[in-house]
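Please go over the structures that come below.
Presented sequentially are two complexes of chain A, the first with chain B as partner and the second with chain C.
Moving on to the complex of A and B:
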């Protein structure tokens, strides 16, 4: 893998096209991440269609840059205007915005950029070390293990989604059903197509994700009250004070390690990692009682954890084919569009591609530092763009982007339909992310479920007789039953009253 | 994580259950209306109807559970009168209009062309939303809308139609 890493790295570094793509992805990632109302997932979903005409390597270089840079972008808005651009930046605003109010916005951005970069590099190293080992272990997996791992991934993703686990699971089931629309791959029998040719080729991932994560957010923005131009603070010099950064090295390393480990747990996500890191730093810091007033440790630790999560979240995606969060779900969609199926076989069959993911992430981290320092003032200026301009442009991007994948107007109608569905689900407090996971993981689940039953001659015991499959099944059932028991308990006490 | 710890009201439970029930009814109708899915000629392969049946059963039971919980909670808290439905519909009016205008927009792109149609869509909505955002005068809003439209439509045209060659409009 090391040989492949360096050979791909030299190929990318000497290719102006790939370097340019990475630079463009980084700039767009920071920009979209820092614009309030555009999350990293939305940025990835909107920009995914652009990569359709690219080679898999070029697409990965571009998308990894958007992915990684948007995480830092999300911190800019959290620090400067107290609006986290990504879920992982929720904690950043606590100390970051306090520093901004204190006239130390530049200092906060410097800490954020340095910690993010170091966190990202640590996450990448952990990804490079752990992923081959997990992939090797996963090589022992057969259809029953894969089927149950997919079920486990779906239930965990529903469990970790904000809101109700129960509703998350039902949302995931809708995703599974959407994934079954069109011809069955084994028997060629049409399903859920309602006799229309438009649905026979299935529901594409891009129209669905663009609708759910892009257009639905536009609807929410319109509903929630459109904001005018925002005021942003003036920035001083963004020259890093190495002495100040040096004093934080332990904090940054702790946050990085935590972020990478938590990020690697399927569905744990960056929001959990930053919360744990913040709590830990509060405990370790001599100024723990002053947290919330602009203490650098409270900013640097979670920021490192947030970016280390990027590498960590790629572990389950690359090795098991299970996205760790919504962002990696969209990335997985990109891989599938380019004919690459993440999982242990990817390591065996396409080590060059796996290495290119590492290189793309490394390059994105380096370029985020460069563009972060050079262009942050311009990004901040763009943050003043009023919502009524942004929302309309995003809506048009959603339309053209979903059309661009197959040059098919049906995809645009599907995108609008899922935009409306996503909006309605949001209003009804039904999480939308599991729906996208269901669409992605549905075909994998069905293929492995049916294959397992064919192997076992129709016996469902195959999922109980194999230890790994059984473990996954037990964990999945626990994630399902636990909230239901809690609910029944609360309902019973309500009835008693 | 649980239902009630998230503080869902009975009407929210009921509405969410209804929404999911609509999905499950549509799914069952489609499944029942496809005789090819029910034939038993796939040998040891459980067939293409296995996962749809499992999924739809889970969805139907889940939807029923939410509707039932909503109904039960309404019985328990009969006094809790809220304007939930009215608020739900009122809040969705503007996004609904936006969705309808998007359908009109993409339908007319073929007739009018991408740039003029996008400009009309963009100017109209940037203006309406700008007015909605308040504290803007007519004279200050128009230049901003014009610049926004020029940059937005121009960028999309340049990237998607010119560079990538997407044949839209």
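Moving on to the complex of A and C:
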């Protein structure tokens, strides 16, 4: 695989047509990704017909560039205007936007670009070296494992909210409830739809996050507009000092590994990878209690995870022919149209083609850095727009973004409702991030828990008999029990005295 | 003074822009279609329906002077997109693609449209379901499968959609016709079901043929039979259920539809347009590459097909307690 990689890489690197295609794909990917409502999937689906007439290699070079660049693009709007451009960027704004408000927008974008690239490369390396192995491991991850990992995620969540744990859990529970709206998987009964067709599709992650973060921010801006609370971003210090980046190494590697692994699990997806990475960094970081105020670790970890997911998601596609998410499903469509069917056969018979997919991804990562650095400066300049204009633009983007995801006006109403909810919660000092996590994790837990029980014929032992599920269960229980024991110990020693 | 001139120009430009539609409408009516056509896909971008829809739109575009804009209006198991088309202006500028989910959701979902709320104009092709098993299950034929299911006290676990979904209906029909009992394990969509059978969480699945064709060729998965009238071009060695003595024909299908009450001439134009597009050998070749079965039909035949499908589906839904919205 390695020799093929280099021979194809040198061929691509000397071909101006392919380089041009990759550059075009990168620019389109960044621009489409940063527009709220155009997810990576949509960008790929829109641009797929363009590739019908190309050679398979050219098509892959172009589409991989769009894929990889749109993932980074989604972070730009999250960092600058608090609206995640793609579902994988839903935690990016927690720290990223906090940094922007602090006048450190270019620093935040640079961290994002840097960790995205490293994440992407780690994902690619894993894809190249151990894809069959990772695919096999990811296949061990079935319904009981999903259920228990989600339990673990929710447990972490209870701890990882800044400020009062009670308020964090309250917000998380609201999120869990929101996740139950819509058709139930096992019985196909619509729940909490109040008899309208509007809520039957459930509450989408994008309208919810756009409202909760983006529109709520507009409301806050209107309130504080007279005072002019936001600092004008400084353009300088584009490259954070070496020392600052060095401190993030571990965070980025942790995020990358996590992203590549979660990305390789079919149907898990980047939204989960970033949520887990954020919670994890909060536990590991010395500044964990300051999360939400612009801590680089909370930005770099999830960003690395988000991009490592790209390589990860390609693992089951290239080795098993299973598209793990909608993005890879579009890529699979692109390959099919060129008469190439990804899977064990292609992997064995056409290693040259598999290698060219890796080359395409590698090229895309390099070009994303180049164009990212060139564009960051201009994006940040946009932030110098006066508040009264910027807020209107953000409000418009919120509406367009939530509408565009499904072309459904209901999503706009949902977005506005969550804008109000987000604003009120903010006034009441209730953190909003757990609400978004609850919405992501709740349905996964419910679906997999119920499915596990169908498969085990109603026996709960299934969560204890399987090693990965058991590990997750033990971790969750100890995360809940240990702090209590510690407290009891302190209490006991106090009593002794 | 520069300001004044610009201002005057602006006013003139504004007047022209405002009056231009009026001017256009004064002339004789432009031949249909003179505006872009919206093509609604009722599932998210990236899925099978989306790929089929975009391919049809791409080739139909070549026969027109106006663009076709593909939009995805997804949600509520495909019902939201159908509603979008059903409630759009009946001027022929909104067209949609849909599948078997329409027929099921009219009974399951009180808010879904019924088949009568829309006007189906042409058939693209079926996407027949099949029965797949893991090779390590030791099951080698449909006969083996039925025998195992009847004799083994632990039921075979079958991966499929949520109730009412195509692969769930296929599994239910399989149970009825062969008198066996399976544990039906629901997954959200085809890709998770594929992952489930490949990982061994379930032993069999009732997915469309092309979903597991590669694993079938590699020997990890065995396709025991195809639930269609004729064999599938991607797996010519696999027998149909009918060939194996079980009269089971089911699966998804795809068709083009309009809102009701389209003016007759436009209706005829669109019906011909899509029939010709789908009959085009070049389109059929591209569709084959994407593993789509193509069997074009005009409106009359398509309506008959949907009616027959409806009739075969109803008892299955009734038996599963899924007839909640309207009765037949």
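Just so we're on the same page, the second predicted complex is superposed on the first by the 269 of 497 C-alpha atoms of A that agree within 3 Å, B and C clash if a C-alpha of one lies under 4 Å from a C-alpha of the other, contacts with A are read in each partner's own complex, and residues count from 1 in each chain.
Here is the rule we use: contacts are C-beta pairs under 8 Å (C-beta built on N, C-alpha and C of every residue); 3 or more make two chains touch, one makes a residue touch a chain.
This is a predicted model, so every value here is computed, not measured.
When the two complexes are overlaid on their common chain A, residue A:407 makes contact with chain B and with chain C alike. In the superposed pair of complexes, A:165 makes contact with chain B only, with no contact to chain C. Once the two complexes are overlaid on the shared chain, A:186 sits against chain B and chain C alike.
Contact with chain B, but none with chain C, is seen for A:397 once the two complexes are overlaid on the shared chain. Using the contact criterion defined above for the overlaid structures, shared-chain residue A:243 touches neither chain B nor chain C, since it reaches no partner. In the superposed pair of complexes, A:50 makes contact with chain B only, with no contact to chain C. Contact with both chain B and chain C is seen for A:454 once the two complexes are overlaid on the shared chain. Between chain B and chain C, it is B that contacts the larger number of residues in chain A.
Within chain A, the residues touching chain B in one complex and chain C in the other are 184, 186-187, 190, 407, 454, 457.
Here chain B touches chain A in the complex through residues 1-6, 8, 12, 15-16, 19-20, 23, 27, 30-31, 34, 36-37, 42, 44-48, 50-52, 55-56, 58-59, 62-63, 65-66, 69, 72-73, 76, 88, 91-92, 94-95, 98-99, 102-103, 105-106, 118, 121-122, 125-130, 132-136, 144-145, 148, 151-153, 155-156, 159-161, 164, 166-168, going by the rule given at the top.
Within the complex formed with chain A, the chain C residues making contact are 44-47, 50-51, 54, 58, 71-77, 79-80, 83-84, 108-112, 154, 157, 162-164, 183, 185-188, 191-192, 194-196, 198-202, 213-215, 217-218, 220, 286, 289-291, 322. By the touch criterion stated above, chain A contacts chain C in their complex at residues 41-42, 44-46, 48-49, 52, 139-143, 182-188, 190, 195-197, 200-202, 266-267, 316, 320-327, 329-330, 333, 336-339, 341-346, 406-408, 447, 451, 454-455, 457. Those residues of chain A that touch chain B in the complex are listed here as 50, 53, 159, 163-167, 169-170, 173-174, 176-177, 180, 184, 186-187, 189-194, 215, 218-220, 222-223, 225-228, 385-389, 391-393, 395-397, 399-401, 403-404, 407, 409, 412-413, 416, 419-420, 423-425, 427-430, 442, 445-446, 449-450, 453-454, 457-458, 482-484, 486-487, 490-491, 494-495.
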